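Common to both upcoming complexes is subunit A, partnered first by subunit B, then by subunit C.
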Partner chain A sequence: MKKKRNRNSAQGVWIFGDYRNYFQDRVTLQLISKGRDLAQTLETEVAVLVLGEGIHQYAMEYVAHGADVIIAVNDSRLKEYQVETYTTVVAEIVESYQPEILLGGATSFGRELFPRLAKRLNTGLSADCVALEIDPDSGLLIQTTPAFGGEMLADVVTPNHRPQMATVHPGIFKERPHDSSILGRILYPEIDIRPDERIQLVRSRPHRTGKTNLEGADIVVAGGRGMGPKEEFDMLYELAELLGGEVGATRPAIRAGWADEERLLGQTGKTVKPKLLLSLGTSGALQYTAGIQGAETIIAVNRDPNAPIFKMADLALEGDARSIIAALLEELRKRL
Partner chain B sequence: MNIAVCIKQVPDVPSIRIDKQRMTIIREGVESIINPLDCVALEAAVDLRDKEGGFVTVLSMGPPQSEEALREALAAGADQAILLTDPNFAGADTLATSHVLARAISKLEPFPDLVLCGSQTIDSDTGHVAPQIAQELDLPQVCGVNEVHVEKDFFVVKRVSDRFLDTIRISMPAVLAVSSELCVPRHIPFGHLEKAFSDCNIIRWGMNDLELNPEEVGLKGSATWVARLHTPPPKRKGEILSGSPQILAGHLVKKLEAMGIIDEEEKKP
Partner chain C sequence: MKDTESLISAHHNYLVNNVLTPGFILGDPSSKDTFYLLADVVLPGESTPRFSARLFDNRGCFLLELDWNRIRRNSGRCPYQSLPGGFRILYDSGDPLLSVRTESFPNGYLTHIQGKLYDQNAKVRMETSYAGIRVYGEAQLSIQVPYQPK
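Up next, the complex of A and B:
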């Protein structure tokens, strides 16, 4: 590819424009906003890299949300998100422009593309970051990433390799409001695209989960060991229906046969980001809490005031989850 | 079909301890298990071998103690186990880890048709190693695989990625990182474990066997450094209320009303 070295973007903060679920998943917009703060500290610009076909609508959105520069590769051969081909294209552009920082959302695709890309660029990568700051002394990007199921946080730096790369957990940073009066520049690097033929997308269709829509639910009612036996646990289905939510369960509840495997929350199950999560009769084992950390509000009910779940709850009720839910249902039924 | 499976021995997460000076995990004295998703990868490998023939090689980079995980893998049906261990490997990030694993895989004869990994580990949860092995070996990759069909010289796999259900055709050799939905790991009979711990041979490869130098492995070969470990600040208010079930249910109702989830009760005249 031809080198178009732009003085301003040469040391920029770059964001990978991940637009596949634009309306549901705003992580790219959140990163543009955070990227602006980082770029200001480093006295540089924010650029968004957009690959695909018919990408101008996204390019315009990214500018309206704060991107200074768009680096666009509009090509039908990039129509499908494909890790191998995207790695080659992004790597060549990065090698040519040499950004200081390259960030992407920790979406399924981001978490598959970024490791391969980091390896190709022979640089460091931290996963699923929950905070990003510039160290005032070294100027390095401090990438804060959860370790050991969120028990610890690690501040990671990439001292000697560039770009400094990180994937970032969705929902951590706030996007800036859309402002269509903002102007941005758009660059079209010339690049030779060679699709990787070893991998072919046969079919891709929107995934509809069978019975549950846990991941998309605004309200999740989650039951654990303290919600048993099954007859008691079944109250949660009525509660979920009355509140317009979905039922989730911890591993012990599923082992006991109170709920189906597809309702499993946590490290080996589903990750949910509801507005409200009711955590009922769950002690708060890390395997479980890893899947509910993204909830906006957590209300926990447990008999044990020392249960770890209370440490992450906005409202903690000490008592028997079964009787409290029974009383709540009685009240809600009255209001029907 | 010959399959390489990469596994990691991980601390049982709730009982971890950290060496605050060196900022690494203290593995001694903490119960260790095979990373749960790696068990899924291993089960899938053994299952494919039983159907298609060939053999399963299981590899793990780690301290000498990781041998236990490899013996357990042999008991679960792997044919051969290789421990990649060397004092120089310590402190590796995913870039350096994938380098050692990729080098070891490239030394296998014959070169495997399939490299299987778990999609993430429970201790560091990066999910980086499988794609990085694939990149280093210049192989195609699919992560989060929940279904695998073997065809003549390719696989047809399924996975869920960002709200899409993808069906992908991927040529051999390939790297697949598996999700928990692929299969359920078998229960290992005690007799098999006993045999694996008494009779089976574990191959050991160090830095020199892999023709690597100290600059490209372990802490020195890592691009990322952990500058600081800390515990997250409590994010929530953590207000604990107690009382009768009716009183507590009343608090719940008020909260649900305040959040606009249920309508406020009409005031009685």
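Up next, the complex of A and C:
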């Protein structure tokens, strides 16, 4: 028989710190902001659980964005994410500290980790929530989530089990501004970490693919040779995330390994018809423009004033695309 | 479950006993002739940690006084070297005494300290450990505001 946790002893609104991917980590900051609202209603604190190695900079960032407490496990055995090890460690900590609420991003990590956690903790989980509120009468977390294929929204509560768990899609909540003046608390639980011996991690590397929806995107951020090297090209992923769009690429960028083949635009790639297309560091070769001529508005950036792309652009910016995008990103981040 | 608790600054921290802290003090800075090490709080807008100290060697002999990262009295003839992001003080022999390096993040700083420090009784008060330092003896491991002399 599974132990029913005493819901009266639970306290604290916890968020799982999903720092491994910068884009995903914005959802941690967004959840801290929402967590503060929930915690204020419940008259408790908001805490962020951070696991890994070298996690201190993220802990500081979370405090700056409003976390009252950081619960940190800084250990080399957690450097690489392994779902079973993480599930075990998080479950042990949660069982010991008994938070009232545990939130996570509906990201690749969250979608893998949270169902396992919920099962391990014998509690409920609402996935991909679009709203979270505290019921004024019961004090329960109302977890609003799409149901029946998105045809309706369901309000779900977890009346008898703790923690009340939910994942939230990035962008639902707004993060608070960074405040360097904040002091928080940090707890380092003493926990025995036992890596899952059934699995040996041989190698890990970032893999920027997954389901792209270039053909259906309203906004496409397309990068070419002028956006290299890779570290610079990677800015486009953040830009696309912030604009709610998708990243496309020219053949030279694909060949250079800056983007996956599935992001190729043009004659031998995808044809897109977005409302807005940003064509950055692309010369405008026919093989490429064949795939973008259906765009409603094209903004092109290239340092060559004679680049063919400028002939089809609605707005042409002559300059270094990388510098312009870096400045644009800085401005967009301020507006989040 | 046991845990260790500390304060954490959103802006700048030191790593002591594998724990973040905005500032810490070993010993008593107000004393006239005994060991101390003050790693002071760094306020938003600043990026340089401030160290003050009175240091001794492993026989309990006075070496030097450090006042806001500057050597004042230097009986031990210890060389001071500026380094990228920090500084280093050596024994006259050239062996390392104290080294400080500040790591910059997009929105904050973490200062790493290394060295083995002794007090006037030749007792170890600080030594380098994995990822930071271990400290012993009289200490305030979390100070919230810049130190004010009594």
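By our rule, the second predicted complex is superposed on the first by the 195 of 336 C-alpha atoms of A that agree within 3 Å, B and C clash if a C-alpha of one lies under 4 Å from a C-alpha of the other, contacts with A are read in each partner's own complex, and residues count from 1 in each chain.
Convention: a residue touches a chain if its C-beta (ideal position, glycine included) is under 8 Å from a C-beta of that chain, and two chains touch if they have at least 3 such contacts.
All values reported here derive from a predicted model rather than from experimental measurement.
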>> With both structures fitted on chain A, tell me whether subunit B or subunit C touches more of subunit A's residues.
In response: B
>> After the superposition on A, what does A:Gln200 contact: first (subunit B), second (subunit C), both or neither?
In response: first
>> Touch test for A:Leu328: subunit B only (first), subunit C only (second), both, or neither?
In response: first
>> Just checking: does A:Thr107 make contact with subunit B only, subunit C only, both, or neither of them? Give me first, second, both or neither.
In response: first
> Does subunit B (first) or subunit C (second) touch A:Pro305, or do both, or does neither?
Replying inline: first
>> Quick check on the superposed pair: does A:Ala313 touch subunit B, subunit C, both, or neither? Answer first, second, both or neither.
In response: first
> Intersection of subunit A residues contacting subunit B with those contacting subunit C?
Replying inline: none
> Any idea which subunit A residues touch subunit B in the complex?
Replying inline: 20-21, 24-25, 81, 83-84, 87, 107-109, 111-116, 118-120, 122-128, 142-143, 146-161, 196, 198-207, 219, 243-244, 267-269, 275-276, 285-287, 297-299, 301, 305, 310-320, 323-328, 330-332, 335
> Which bits of subunit A are touching subunit C when the two form their complex?
Replying inline: 56-57, 59-61, 63-64, 70, 74, 92-93, 96-97, 178-191
> Taking the complex as given, what residues does subunit B use to touch subunit A?
Replying inline: 11, 13-14, 16, 18, 36-37, 93-95, 98, 122-132, 134-136, 140-144, 156, 160-171, 174, 180, 222-232, 234-246, 248-253, 255-256, 259, 261-263, 265
> Within the complex, which stretch of subunit C touches subunit A?
Replying inline: 1-11, 13, 15, 18-20, 22, 44, 105, 107-108, 110, 131, 144
